[in-house]
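One chain, chain A, appears in both complexes that follow, with chain B as partner in the first and chain C in the second.
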Partner chain A sequence: MAPSTEEKQFLDKILEEASQLDSPVMFILHKMQNEYRSIKEDHAEYIARSMGKPLSEIYSAATFYDEFKTSPTGKYVVKVCRGIVCHSRNSIQVLNAVRARLDIDDGETTKDGLFTLEEASCIGQCDGGPAMIINGTVFRDLDPDLAVSIIDRIIGSGGA
Partner chain B sequence: MSMTGIEEMRKISEQRWSDLKGAEKVAYIGAASCGHAAGIVKVIRAIDEFNEKNGLGIEKVEVGCLGMCSFEPMVYFQKNGKDPVVYGNLDGERIPTLLDGIFNKDHYPIEGLLGVLGEGYDDLPSIYDHPMMRPQRRIILENVGRIDPTNLEHYLANDGFKGLEKALKMDPQEVIDIVKGSELRGRGGAGFPTGMKWQFCRNAKGEKKYLICNADEGDPGAFMDRSVLEGDPFRLIEGMIIGAYAMGTQLGYIYVRKEYPLAIFRLHIAIRECREKGILGKDILGSEFDFDIEIMEGAGAFVCGEETALIASIMGKRGMPQPRPPFPAQKGLWGYPTNINNVKTLSTMPSIMRKGADWYSSIGTKGTRGTAVFALTGKLKNSGLVEIPMGTTLREIIFDIGGGMDEGKSFKAVQTGGPSGGCLPADALDYIVDFESLKDAGTIMGSGGMIVMDEDTCVVDVAHYFISFTQEESCGKCSPCRIGTKQMLDLLTKIKAGDGTRKELDELASLAWTIQNGSLCALGQTAPNPILTTLRYFMDEFREHVFEKKCRARVCKALIQYEINELKCIGCGACERRCPVKAISEKPVKVTTIKGSKNNIRVIDPGTCIRCGLCLETCPPSANAISKVSPIDRKDEKKQGGDGK
Partner chain C sequence: MKITIDGVEIPIKEGQTILEAARDSDIYIPTLCAHKELPAFGACRLCVVKVDKMRGFPPACSTPATDGMIVHSDEKEVRKLRRNILRLILIEHPHSCIVCSERADCESIRGGPVKAGRITGCSMCPNRETCEIREVSHYLGISDMEIPMEYKGLPLERYDPFFDRDYNLCILCGRCVRMCQQIRGVGAIAFTKRSHNTKVGTIFGRTHLEGACRFCGACIDACPTGALSPKGSKWHGKADSSVESICTFCSMNCAMVLEEKWGRVMAAIPDRNKEYSRAYACVYGRFCIPAFLNDPNRLHYPLIRKGGRLSPVSWEEAFRYIGDSLKRFAPEEIGFLVSPYLTNESAYLLNKLSRDVIGSHNIDMISKFGRMVIQYLAEKGRASSSWTTLEDVEKADWIMLINNDMVFTHPGMPVAIHKARENGARIMIVDDSKNELEVESDMQVRIEPGSLRTFLAALTKLLMNNIKVTELEELDSFIDFRRSLDGLKLIDAVRSTGVLEKQFSAIEGTMRTSKKGVIMVGSRIMEDPVPTQILGEINNVLTILGMDRGFIPLLEEGNIRGIADSGCINGFRPGYVRDRTSGKDYLRMITGIRRGDVQALFISEGSIPPEHIRGAKFIVLSEIYPTDLDSMADVILPSAVFSEESGHYTSFDGRVWNLRKAAEPPGSALPEWKIISGIGKNLGGDGFEYGSSEDIWKEMEENIDFFKKDGRPPVPERKELLSVSEPGSIHLSEQMPYVVRYRGTPIHELVEDLRTYLEENDRIPREEDESAVEEAQREVV
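Our next item is the complex of A and B:
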């Protein structure tokens, strides 16, 4: 499979931006992950060819970091902090509540593609744990009910 | 912009700053991550509403975090050009009365009042006399919480870029000599003398050089760098330019965690602003020195905090450490000489350049000059971000600044240095904070996480937590770390499950030695530290888990039970409905409820119970019938004919 014309346009655009940079690969991977919620194989091939690099180089980075996925994440990535302070404030109950609400385990994505659930190592909100981060928005001082109500709010808004 | 250009801009900035400080009505709003999450948005909305309705004309300024995180959301109100008065734990509902009191009735309501941001006046105390602030000495955090972090004028008006101006007029070697003279040691954790490190990089030959700021803060319990980045990004940029000038580097990176979105956002604003004003880019302040900074977002790998792994990551490779030598100063990013410093190290530079080496080296202890920034968290009254001179005791930090233990619990341990550090017991509270002292005590200073634990914390569980963290974050390159941490985790899991024997205890100690000595990088070499210190200081608790099958903190699930007190149970059935595994059932013993109906009391079947604790949470406080018990204690009590209390 090859990237569609639209996808090529996007990839060319980020390649162009990246060409200005001293260290382009991570920048490109972040952009791809943000746009397509995963690093697709054909995209990685296209990028590697355009950059004159072996595919293995792009893929070895894409498969090392937690942030990059080879299969698409949900529209919302819910990362529940499992740092030591959150842990001592029962973050496990928050995690269990979110697991139960979404009916998925960590690392899984809901069938409708709306949510991916992850355990995060400390996200540095220790003065307000338990905490979670959803697509760049931090939620703190959680309890199981509050965490579920935040998920419900996203579902209620039609995932917009 | 030339040097004279910045002087003119500073004059304008100072004028604007003093206009602001003299303004009639201002609300300074704590808008770091902590404030946002604590609900500052609702407070802002309430201020806006009241302001509009009453035509007060209150000006709003967003500032960073003062570090008193347990008092968020915070707003400081300034009236008639007097130093602003800080209010904490605000909510939207209290705003109208507060604003009405302050601005209409000339009365500062006492509720939530923390003090004046400056010297006290009219019976109002200074916030710097607050127990949380008094022992502090704020250098890196000087501006944090006082200025709008995205406003270059605020930074300039508060001595911003004065250190850089001074440095640019010197020979680069003179700058390094000042850093050497200050005796500053790197704040990332290893404590290597910064001046010496800079000298290595300056002396190294290469057609280009790099300066990297390590903002990949990932230690559990640490958020110092986040607060500095969110609260005063210009200071880091100034520190980086000073370093770049001293070492002769052309490009700098800030490698920052993706989990810090607000910090990244503010850094982007600050860098853009500096480029526009000629503080970054070509011919900085007319000095013919060129330097620029790029932000590199991390991608969720803790090991990238290790410098060689960080460099690999910037190059778009797997974040795996390399053996040293060659050190990055000789052969780093893309093979060129590279210097890597922590956020706090670089953020100290503007002050050192401005005030001189002697000033800095007069603060702190003989071996460790200056201040330490700690993220104080855990089971204490006041958690937050504090900066204290080196030499302060752990006791002062925890009991004076932190206000002691929360909810009347007793102190058990303090953990510093994250997964590379250790846990210290109450006996060690009189150790002072500096690199050597904490090393003597068995832990490390680390980059500044300080987690305080109370009697409800199980140290075996803590050791288990940290080793599961390092096991997860091990990059997998070398076997002592990859396999050793997994083995340790298995041993601790066994002990927590009540299946431990003397063999497991002995193996823990011998494995620790292997991992320490056999691992390639600091992540592996220090991974056993949390276990070694807990074994050293809390052996009793390990023994209890192994030989008595008892967890005194009642944390390890296999060693505890939940029980319903038959005399207290009111038969409401709330626990039975909440129990996820149907372990709770009725027992034909009737109790009369307040409403007069007769209910059966409930019992828990320990065989079915998964010890999730939901029943304990659900039981109405008026009944308080459910408790966590250690079965061993119960047996002992029965033997002694105790009543189970």
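Our next item is the complex of A and C:
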């Protein structure tokens, strides 16, 4: 499989933008992740070839950081904090409630492709735990019901 | 410059690290991630030392040695630190063999054969014989572990051909990853994920077969643990004996250590002590040698056709029968078709038997590309000189690769090209179909099939525009050459090749930058009806550039160079001395058989298509495995393989290698030189009384200038220019891809995993397509 013409245009654009940077790989991975919600195999191959780098180098970096996904993620990535402070405030119950509501385990994506559930190490909300973060929006002082109602609201809005 | 390690003063070289300096002076510093073929990595931290006036404990592998440095390696504080570092490593590495109270007693039986898939106990580890972790832990005196082990519980990876992986043993030293990327230039594996989840894995979870892996096995040889193990040769335990020999499957002749156990070659391991070729061994040599040589179908006894059936006989009877039968034919009715896998000694004796004893000058090699190239070079007086070598490749400033599949025909060569590229060489690929090395190239042009001549002609024209060639104008051939170029318009060349003008000038410009260049050409040029025209036009390019070296034809068969050197080439005696009596070459022998001019044949491998020799009255076939020719042969002689005899081989670039005997041949099979001597003696020939192959070699060295030490003449100047072809497309005759073989038998026919690998890469038809397989096996010469 090869990237489509539009995808190539996008990849060429970020390659161009990255060409002046000292460490272009991270920049490119971020852009790819934001645009396509995952680092796709054919995209990574295209980038590696264009940069004259071994594909293994791109792939190593992509799997090193949790921010980057090598398999497609849902439209909404739900990260429930499992840091030590949230843990002491029963974040496990929040996580389990979300698990049950979405019927997926952490690391998995719902069948409709709407949600991906992940555990996160500390997300820096220790004064408002338990916390979770959905596509960059932080939700604090959660309890299981509140967490589920947030998920419900997203589903209720048709995922828009 | 000097440094002091533990009170011992040792010399250092500019740019050396402490570890390198210590190793040069035989001072042991424990390491698990450092490898002498790889740059420093600093992953395992076991080589930490104390250095006066330096803070902390720097690792010896990545700390540059500076004059006057005082280093402490073997002292209490350092040893304690290293012991704790190793213990941390061992938490995730099954280590029952290291902390066992019976350890001393088990040393003697540790190397015994074993059958166990998952490695959980001490005796099941494939590295039980040579384990670097054991060595290091022994040196550091680890006899207990205070921290309990944490078994990773990863699944075994046994679904790929050739080697198994058990990453539960992996210590993440990264040698395999670095070897694959930095030395082999492949990059099939990488560190995946982070921290506790880090694992060596393939890209996007592909299998090795689907991914970029070329199955060279360099990762296995670099691994300090038993995490990686070759499927075919991990069960037999410690070898009974081993010899330094070579792999004979292609003309690179990589140095290999052949390990013998129970009278058979059980493993072949790249000889890492040899500077040349240590890093080039590939899927064929690393994995296929034992399975290929030990197949139960090897021929055991001489066979003579009696009343339509082949029956086993003694060698004496076979020799007598051959002698009596051959006497019925006139010398010019006898032909010799020589396998390009014979040793130089055997080839020399065949030349003697044919030309001197029998008086037949019909002798030629069984080969397509190699025969064409060497015959061409011999006619031009250039075959006898030393050829462009592997070192020239590594040190080249530019390399042009033309129509070749070296990833499958010479898998070691891309390693040299990777090294050249690391050293700054520009790699240019000119090919009329997909070339697997595209990732390793700086420039690639896909030319239209059949337009290679036009491409070379246009390149020649551009070079002529930009280079002064005053001295070439004296040549007789110059006027015609010049005229042929004048008729060539670049625009026509662009049209028929599909190569843009700017691409032409980029290539031409690169070639002009340096005379240290190499043009490599593969056997796909045989699709051209007159492939010598292409060789001639390549010669034009090199001549105009003023290069006296730089041409590498990717000769395929193991010793094609050597048997030509030794006289088994039409028109030339050993050392490329012109044969004053003319004889028939391969193709004329084939037509001669049809016409009845050639009636008796001595053939030393069964790869010839049966229809080529149909009609011959008497056929002697020496081979190692049954072939399609068996039904036509009157006598079949079982020959020894390369691991069962001693002798010499000559690699594509003219290096002479020693073959050494590792095991006995099966049944009463004999080395080819003994077979030829036996026939020679029965025909009343003199000069076949040899005690060993070494005697033959001595005779060659004494009598033939070419084989004398430093006897090779220097490269002659390329004082010739060939008129270029008119632009346009040549009609090509399609041919099957070359498959690597030995003595006429394709390696993949006996090695199932190789078949899988080659099928996956479309080098051979899938097994299910029976008719196509049959087609592929028919070698159309």
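Observations on the model:
Please note the rule applied: the second predicted complex is superposed on the first by the 160 of 160 C-alpha atoms of A that agree within 3 Å, B and C clash if a C-alpha of one lies under 4 Å from a C-alpha of the other, contacts with A are read in each partner's own complex, and residues count from 1 in each chain.
Here is the rule we use: contacts are C-beta pairs under 8 Å (C-beta built on N, C-alpha and C of every residue); 3 or more make two chains touch, one makes a residue touch a chain.
All values derive from a computational prediction rather than experimental measurement.
Residue contacts after overlaying the shared chain place A:Leu11 against neither chain B nor chain C. Legend: residue contacts after superposition of the two complexes on their common chain; A:Thr70 is shown touching chain C, with no touch to chain B.
In the superposed model, A:Cys126 lies in contact with chain B only, and not with chain C.
Residue contacts after overlaying the shared chain place A:Leu102 against neither chain B nor chain C.
Judged by the touch definition given at the top, the superposed model places A:Val85 against chain B, while chain C stays out of reach. Once the two complexes are overlaid on the shared chain, A:Leu55 sits against chain C while remaining clear of chain B.
After overlaying the two complexes on the shared chain, residue contacts for A:Arg140 are found with chain B alone; chain C is out of touch. Note on chain A: of its two partners chain C and chain B, the one contacting more of its residues is B.
Look at A:Asp22: by the touch rule set out above, it reaches chain B but stays clear of chain C. Of the two partner chains, chain C is the only one touched by A:Glu41; chain B is not. In the three-chain superposition model, chain A touches both chain B and chain C at residues 57, 60, 64-66. Taken in their complex, chain C has these residues touching chain A: 177, 180-181, 187-194, 203-204, 212, 439.
Residue ranges on chain B touching chain A, taken from their complex, read 33-34, 36-38, 69-70, 72, 217-223, 226, 251, 253, 257-262, 294, 296-302, 313-320, 333-334, 375, 377-379, 383-385, 415, 449, 451, 453, 457, 462, 465-466, 469, 472-473, 475, 612-614. Across the complex, chain C is touched by residues 41, 44, 49, 54-57, 59-60, 63-66, 70 of chain A. The touching residues of chain A, when paired with chain B in their complex, are 21-27, 29-30, 57-58, 60-61, 64-68, 79, 83-85, 87-88, 90, 93, 96, 120-129, 131, 133, 136-141.
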